[in-house]
Structures are given as C-alpha cells and as structure tokens.
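Okay, here's the structure, questions in a sec.
Chain naming follows the written order as A, B, C and D, and within any one chain the residues start at number 1.
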C-alpha cells in the first residue's frame, strides 16, 4: 500500500533494457554528441508536431531551474501558483538557477493559478519602474501540485493573459504524461498550441530512472533560449557526460507509446482508489483525473490507515476552497504509479473499512 | 581506436545488473531515504577507514561545485592548477555553485600546482583586507588534467601549505580509481590522511552510467559541511529522486573491488599504448601511470592518425615544461577505459607505423 | 504640498557643514580607516548602550541586503511582512545579496507581520528537510511600510517566536528615528533588548544625503556576522572609498540629537496633516504616530487634490483590514519630512476643503 | 607627504558648493527623477559627442560591476589584464554582479593587456562548446593599474581584436580624467570612437565625494544594455534615493572643465615627483604620464622614506618587464591628487636625499 509518491517506484523493464542496449553499442561521443540524443530530439519533435530544442537533465528541479533561467533575467519575477513545486519544494533552486529572480505565488483552487488573480496582479504591476522586480515568466504545472489536470482552454486562458505582458510560459510537466493520458487531446494542444514556450517533460515519475527533458518549442523563433540552455545546463552540473544513458531512457519511455500506457495504468489505479475511498463513505478533495488524489481525513483515521500499512503523505498544502486543514485533520495525498497493483488498492479498501469505525 | 575519453565508454554489465536488481526490489523511499543509499555511506566509510558523509550526484561538475560551495563563501577564492577542470572545463560552474567565489589558477608541471608557487601566492595574500577575495580552499585533481598521479607525499606537501592558512582541501577525483590503482597505498592515504577534506569520487568514467560521490571526511568534526550539502544539493537540482539508482550504481561499482579492477584494466591499456608510441620512435609527454597519456605530435602526424581511424583529443593545455604547442604541433591526449581492447591498441600501433613516414 | 516621500527632501545644513569640515581636514585614509568612521562606531555604541560593529552604506537597499546576507545562507528564507520593502520595493536585491534566499511574506495589519501567522508558519515548516528552503531570519520594519510604530512589546513578541527556531532578526530602520521619536523608550529597548540582531539605521530619509548604517549588536557573540559584512560590503560595491564622507554625515546627523529633533519635526507635521484630514471629514487609514499616514480617498478626490498641487503616492498596498482598494479608490500615502512647512500643511487643508465637495 | 591614493583626498570646494545648492533647491523627485540627473546625461552627451545613457553610482566597484553585468551573461568571461582592479581589488564583486562570470587575466606590460596575448587567447577559445565559459567582454582600465595612459591607437587595437569575436568593451575609468589630461585628444577619441561600449567614469578620485557614472554609448543601438542597467542598479543597492546629490557632484565636477583642471593639477604633481625621484638618482618604473607613478626601491630605502613621513603603497603587482619584486625590494606606488601640494613634493625630495645614503 505505497501511495507516497510515484518516484518511490522502480524503473520499467523496457527502459532498463534500453539502457543495456545503449551500453552494449560500444563507444559513443559524450555530452550529447551521440546518436541516441539526436533521436530524442527528432522523436519529441514528432510527438509535439513542432520543431523542438531538447535539453535532457537528470532531475525535475534541474529541468525547471534551467527553463526558468532561459526565460527570465535576475531582476524579473516568475508568476506561479503559491503551492507550485518551484515555489515550495525545490529549496530555492529556481532562485539559484535564475541568479535571484523572485518567485511569486498566486492563489487558485487545486493549485492552479486563478486567471483573474493573474490578470489583476499583472494589471497593478508597476511595469518599467526599477524598484519592482519585473514580470518575467508564467509557470504552470501539469498535473498541478494538487492533482488538477489543466485542459487546453485553461492553459490558453492563462498564457493569453501572460502574453499581453510579453511573458513567456514555462510548464513543469513532472506528471505531464498523466495529464495527457487523462485528456482527449494531443501533446501539442496542451503545450505550444495553448501558449506554452518551454515544457519540462518528466520521465522519472513515469517509469524512467532519472530523466527529464527541457523542450524549447520553435527554437528558431527564440534563438536566445536554446543558446542560453546550452551553457546553463553545463554550468549547473546538469550535463550528464555519458549522455546516451539519459537519451536511451527517454527513447525507451517514448517507444511504442510506453509513456502513455504507463501513465494510463497509474491513472487507472487512482480511479480505483477513488472508488474505495467513496465506498468507505469518504470524499475525495477534488475529482481524481490523473494519478494523484487527496482526501481530508481525521487525524485518527490517518493514523489508523498508517497503522494498517498504508503509506501516504500528509499534504502540507491547502484543501478544497483553499482551506488549511486543522490540527485534527490530515489532507492525505495518494499517488499511484505504473507499479501500483490491484492488490494494493484492495488492501487499501480493506484498511479503509477497518479504519472507518475508529472515527 | 577510441581514445577520446573514458566517458565515451558504456557501463559495466555488473553495474547495469545492479540497477536492474534495485528496480525489481519494489517500492523504495525517494531522495535517498532508501537502503541502497545507506549502504553506500557504510561501504565508503569502510573503504576510506573513516566516518564519511556521502552525497551522490549525477555529474562530476555538480559534485565539484557542491564540494566547493560547502567549503567556501562567495567572497573567497579557490586555489587550483591553472588547467584544473574546475577552472577550465566546467563553464564557470564553480562560480555558479559558490555564488561567485574566485577560481585562481596556479602554474605547475603536468597540471599539478607547484608547491612553492602555492606557498608564495598565499604568503603575499593581503589576508583580512576587504578588497581581496580571501583564500577559501585548495583544490587538487587526481589524476591531474595532464594525467599525473598524485602520491601521498605530494598531496600532503600541498595540503600542509594550505592548512597553514586554514584552507581546507577539495579533491576532484574524477579518475581517483585510476590513481589509486597506480599507487601502492590505501584510499585513506591519498585522501584524509594526506589532508584532503572532501573528495569527489567519480564512478562515471570508471564504469558507471552517471554517478559521483561527494565524500565529507570526519563530518562530525565539520558539521557545517554536511549540513550545507544537504540543502546545496537539492537547490542545485542534483538530488536525484529515485535515488536508489544512483546508490545502486555506486554499490555495483565498489562490489568485489570492481572499481579497482576496471581502473587497473584501463591503466594497463595505457601502458600498452605507451609501448606502441615508443616503438614508433615517439615520446610520451610525461610518463604514463594512470589511464591518460599525452604525446606531442606534428600536425601532419596527428592528421594521419585521425585518417587511420584513431580518435583522440588535441589537448588545448600546456605540454611538458609548460610549453604551449605551436600551430604545427598537436598535444594529443589518449585516454583508455575499461572497454579499451588489445585490438584497438594493436591497430593504433599499426597506424603509428604507417603515419610515421609522413613526418 | 510635497508628501511624496521624505527622500524628496534635501539635506540638513548641519550635515552639509559636517561634510565640508571633513573635507577641509586634509588627507584621510580611505575605505573606513579614518577617524570619523571610528567615531561613528563609538557613538552608535553609546546611543544603543551596547557594543556595535557598524558598516556604513550609501543606500537602504544595500544596507538591508548586506544585513540579510550576513544572517542567511542561500538555501534559507527570510520571513517578513508581505508588503515589506525588502519583499516588494527593492527589485529582488535581497535575493541578489543573499545569493538566492527566499523572501517569504506574511500577512498582518498595517504591514506588521501577525504574530500568530508567524508562529503558525514556522510550526508547519518541514525543518531539516532538504526540499524546503529553511527558515533563516525574521525581518521587521520600523516604521512599517504602512506607517506603524512597533513598540518594544510588539517587537519582542515577534522576535521571541523567531528565536524558538534559532532565527535572528533584522530590522529595516529606514525610518527608525521617526519611530523612536514617537515612542517613550530608548534605542536599545526597540532593538537588541527586544531581540533585534542587526539594525539598518537610515539617515538618508531623516536629513542626510545618502547614509545608512548596518549595526551588528554584540558582535563578539556573533563574530561571523561582522566578518562576513567586511567582505560582503566591498563585494557589493557598497564600500565608499572616501569613507569619511559617509561617516561625517552620520556624525552630523547624530550630533546634539539632531536626528531625533528632525524626526520629531517630521512627525509633528504628520500630526498636523492628520488634523486637516479629519477637519475635512475624512479618516486616516490608521492612527498616525510617525511621519507616514494614509487615507482612503475616492479616485475623484485624489485627482482633485493632485490638481490643487498636492503631491502624494497612490499606495499600491493593502488598506485597513488588509482590504485592497477598488479601482474607484486611492489609498493615498502622505509622508512628511523635516522640511515640511506649516504652509504646506495649511495649503493641503485648503485643498481638502475645496476637493471635498467634488465627492 | 601623502601619496597613498587619490581617494585619501577631500572633496573640491566647488563640488561641496554644488551639493549645498542642490540641497537648498527644495523638494526634488527621488531616484533620479530630478532635474540635476537629467542635466548630467545631457552634459556627458555633449562632452562625449554622442548619445549616452548614464547611470550614476556611489562607488567604482558598483559602477564596474553594473557595466560588466550589462555586457555579460553568467556563463561568459571577461577578459582583462591579470592585475586589473576588477580582477584583483574588488573582492570578487564582478563575479557577484554578473552572477558568476569568469574574470580572466591576461599578461601585458604596465597592466595593459598585450594585444597579441589577447588575440592568441581568443583564437584558441573553444567557441560554442558548452564546457568553456564563452568570451563575453573585454575590459580595459584608463589609467591602467600601473599608471599607463592608453592612447586612442592602443585602445582601438585591443577593441578591434575583441570585436572580431563580437565582444563589447568596458572601460574602467576610475582615473579617466587623468588620462585625458595627459593626452591630446577628445573624450570620444579614447572611448566610443576607439571601440569602447561602456565607460565607468570616476569622479570620486578626481575631486568628488562619491560619484561614478556608468555611461552607455549609443544606447539606442543597444537597448538591452540600458534596460538591464535600470534594474541591475536598483537590485545592487546602487540607486541612491536622494539622487540629486550624486548628480550635483557630477555637475560640479564637470562645470567649467573643473574635472580636467583637477586632473591636470594632479598629473603635474606627479611630474614634479618624478623629477625628485630622478634627482635622487633613482628611476621610475615606467614613464609617468598621469597621476600614478612607481619606483622600485630597496626595502631599506622604503623604510627610510616611511620613517621620514612619506606615505605610499608597497605595490603587490609586477614591476617593469613583469618582474615580481624580491623580498628585498619594494615597488612603491605614488599617487598624487588635486590636493597634493608643492610642499609635499619638496619634502619628499628632501626625504629622498636623506634616505638615499642608507642604500
């Protein structure tokens, strides 16, 4: 019953096989001069139906930091949700990567920035005045920290507001695949077609060992972005020397739609988990569309579930209606992965049934 | 005939197997809370015969940057050889990681800082005056950039000078295993027993996919170092989420002395390559003790060798006697890895024989 | 009718005279090795009844940045009010000076952090977890951005909460003199006796040309702070070479209680302005104790006052009850200085009387 | 007998008078929105015969840092003389301002980068390779650290080499006036007409209290530079709030060619000092054209001069022929200012005559 996070999972055997194959291929140029890396860029270009400059990195924090540093100058600000990973969970890495840009959190339900709050914040910004760190970029997260799936319209509404102030948009796509699997649209429709300029596409949580891609869409139109990333990545210590091993992970993950299949599998387990929660007479905090769900539990029930072997994270963020849980409540976060088994879900259902009477 | 670099090699099958095993073990806590990570710290403590705090990172540049940031404040300087990797080849990553410390290069034969130059530089430093970035740390490289093996005495002589000014010592050990394999001493004798405070132990070049260890010796005596590294690593985007996969690489590499066996194998191929060079009537720039060797070739001969299929790097650094090669010369660097075959060496010997008459 | 800011005023003649005297004294060591600088440290030590290490700087932004950099590491956070100058008005200078620390804004009436919010924020901080920029310092502002005078109890209540988490406290004292003049207590009682570790004492707004003092209280107990500031100041370009001219300003300002007399004069004009506002049937946003006051005006009235020649700043912050003014309202900020004349106040009263009927 | 530095001098009475006048003018907008500031830009534009964007700052270190940050990105390098102020004397401020760019020192006689060394360094730079911090800017110093006057041809030769690699040129003009006074040319001829993009024009050493101007030539052709400086200056804490007092210093210094008169006066005293040195049978290290001269003294003689009351700086840099003084030698630096009197020069001559026999 492990619902701690999808990065508690192992790697998918196909990805391990891809690593082994890449290794057996003999000598290959280091630092991205290899053929696997070239294929990654081609393949992502095909998937996203657009020219892409791709920079692989070993962690999501590195990928996000690089992307923001490519979009923002140190005297600028990144606008994101107040609970965004870049604002809360990365130990000021975006500040480090950008050389000290300000990360500014906006309110919004289920960790999605509220469009009217974004518009209002920008409308009252003293643009051009040196005392105020100027708006530099918008950052969205797909799935949001609270598990929301951002559909094309939602994204476009936010990026259009940003665009009015010449702000490019970064998307933290640590669970992009889970969002895509939950939507009936193409990768392009929730990225560049909706106004996203740079996507950090995460494979680690979706089945790889450690592989994230910073994807610059239409690099020819924004040559400074790819040019900056070339050096920013090395300087950040995020340019892996035996680079084929990052590229092989990404290729293995993308091959034969494995990435989507694994995301669908993870999402399906969350859907089953939701059924168990409801069977126990509880409610999910928000409808579960991806692989992350939340339920507001009594502290007693949370303890009982933990005692029964259920592992989950007491979420430090806000619940529905942006209400902070009381000291008697636990906002439990449940994350399923491609490895989550039906047996785990069933065991969780049983634990819920037992824990329930303790309320 | 690939002598470009040891990071052009693949990964050793035992390390790939260790990854697969770690993956199959099921759910494991992320970010280093797993059992593999705990074992790495124990094992390195046993190998180095000292308490160690270990921070794994995916690249050598990240490892070096983290170590220097743990030792130096932004208004300080790092003293190293003028051709050190941290000074030349990391795109100002040490400056980035330390928040802007100065990297100051010293002269010295075969990319080892000259002890008397180090002493003289420190002796004339205006210590305590705010105009001058104060000395913060000494950094050594094992093997040096020009392939020198630093023996215990050489290291101790340099660290003792540094110690007189309260400078701790960092060792960039990207090819530490090759140096150790070339020496008749223990790991402790060329690290903390010789005055090294933090070692960046590289496994990537020695057979892993992407794994480096920042090792703080005697962390209880210097608690601020490990405390800083805990946050520095996350903030740098160098904390890999599925951390067991870094740890498993390190464990696989260390298991049954594989790391030393692979280093010995690589060193042995360089020794054979040296024989071929001498057979061709050429001289190595410096005696080859590790897995990196150099020869000053005429530009014509370098081209002929390239044409025959020999891949090597025209080294941009200084040759013997700190002489810069002329435009008619190439200081060729040859690096062998655990994958270098006897056939490659033989082919290189043949190419040398053919290329020779073109001189 | 200039109520734009107290930094629109000139310099007090006694301070200009002090500059001229210092200049005529002939040759003097640069960079703070002069006798004026030594006297500043003595005099501030006497005024604050404590040993002090003093670092003069030409701007308040530099002083605040230096102080925060001396207290915080880059992976830490500074807790302050959400509308604090360091968070809003310094173009991310604190991020720049600290090397990327996070500035975290807390709510609270009249720009003073709410004690229970501070306590709650710290209580739920994941202390020791690498994902979260750790709490590093508390920052208070005296006068607050919204003109509040922080009395000894208020300060002590906040610093005690911070102290429980080992957080030192910085005080931005750009208008410290105005607060002191409004209180019946000693400088010590609203600084180190109430838990403040570093004070940025501003003389510029109070009558100097450009002079601020970073005061480290009890430097012997915290030697790392003064040591860091020595280099941080130079590195920031904030070490003025002809340093006697900074020191002479500070000495002239402090001499014969000029600083307090000027602050009292400025405060008195705000008190008179408040009477005019009330005579016009309007209310101040908060009781005016220092030299900064606010009134929520209709946009029409604000325009009428501007048309009549009254210069004031439409405040972009929150009004009473933390309510944001509507688009039909202007939260007008009025700042008086030691140069504000009775005639200006009278003219403002007349303008209010005329503008009033337009409502 | 004060030859320590020209920043040991006071301020010129005309500049103090300009401050007093500016103060008496009543209320003025802060942060550069005042009329004095506008006049500075006009006047410098007229003097340099070109459109200029001007950013005043209180220190030379701030001015240099700002200029370099406007020209370079953090993954780039600044090429300068190895003994340049920005490389040696600013406590890594350029690294701080630029966010970690590399400062790379070149050899050259009398602290002027050697043109052929510059060309060779750039020729072997691995342009476009991510491992190497890319060349970002050339920085020259006028007067050089060792007192050299750079004439138009010398400057043009160096900037032309830089231009071939698209490098803009920064000039640290802390003693620009002294150089101009020594040359028979216009300000334009040793700046933008010779390829300088940004000049840091220092008034502090030449008679002001604390005032330096960052001058961007032809800002319309390089809009990003002035745009960046607007925010960089505030963020660095270098935007003085009562900005008229910086501007008034600059206006007072420029008025009626005071700046050139003071520079000529300082230069003339150095010429007289040179005569005294030669009368004593000693030689200057280099011909003295500005207000800074050097002589290689025996340690004994240096002590004797000090004992006789002569204050000068034992220069830590290289002597003629780039030879480092031995422990028995002192490379004495003598700086004269507009305040240096004939009596001081005469007294120094007498001291030389007395000290001489001790050799």
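As a working rule, a residue touches a chain if its C-beta (ideal position, glycine included) is under 8 Å from a C-beta of that chain, and two chains touch if they have at least 3 such contacts.
Note that this is a predicted model, so its numbers are computed, not measured.
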item: Interface with more contacting C-beta pairs, comparing A-C to A-B; value: A-B
item: Greatest separation from subunit D - chain, by CA centre; value: A
item: Subunit A and subunit B, separation of their C-alpha mean positions in angstrom; value: 34
item: Cα-centroid distance, subunit A relative to subunit D, in whole angstrom; value: 50
item: Distance between the centres, which are taken as Cα means, of subunit C and subunit A, whole angstrom; value: 41
item: For subunit C, residues contacting two or more additional chains; value: 31, 74-75, 90-92, 96, 99-100, 130-131, 133, 231, 234-235, 239
item: Of subunit A, residues touching subunit D in the complex; value: 31, 73-75, 99-100, 130-131, 133-134, 228, 230-235, 239
item: Subunit C to subunit D touching residues, read off their complex; value: 2, 4-5, 7-11, 13, 16, 19-20, 22-31, 57-66, 90-93, 96-97, 204-205, 209-210, 231, 234-242, 245-246, 339
item: Residue ranges of subunit D in contact with subunit B within the complex; value: 74-75, 77, 88-92, 95-96, 99-103, 124, 126, 130-133, 316
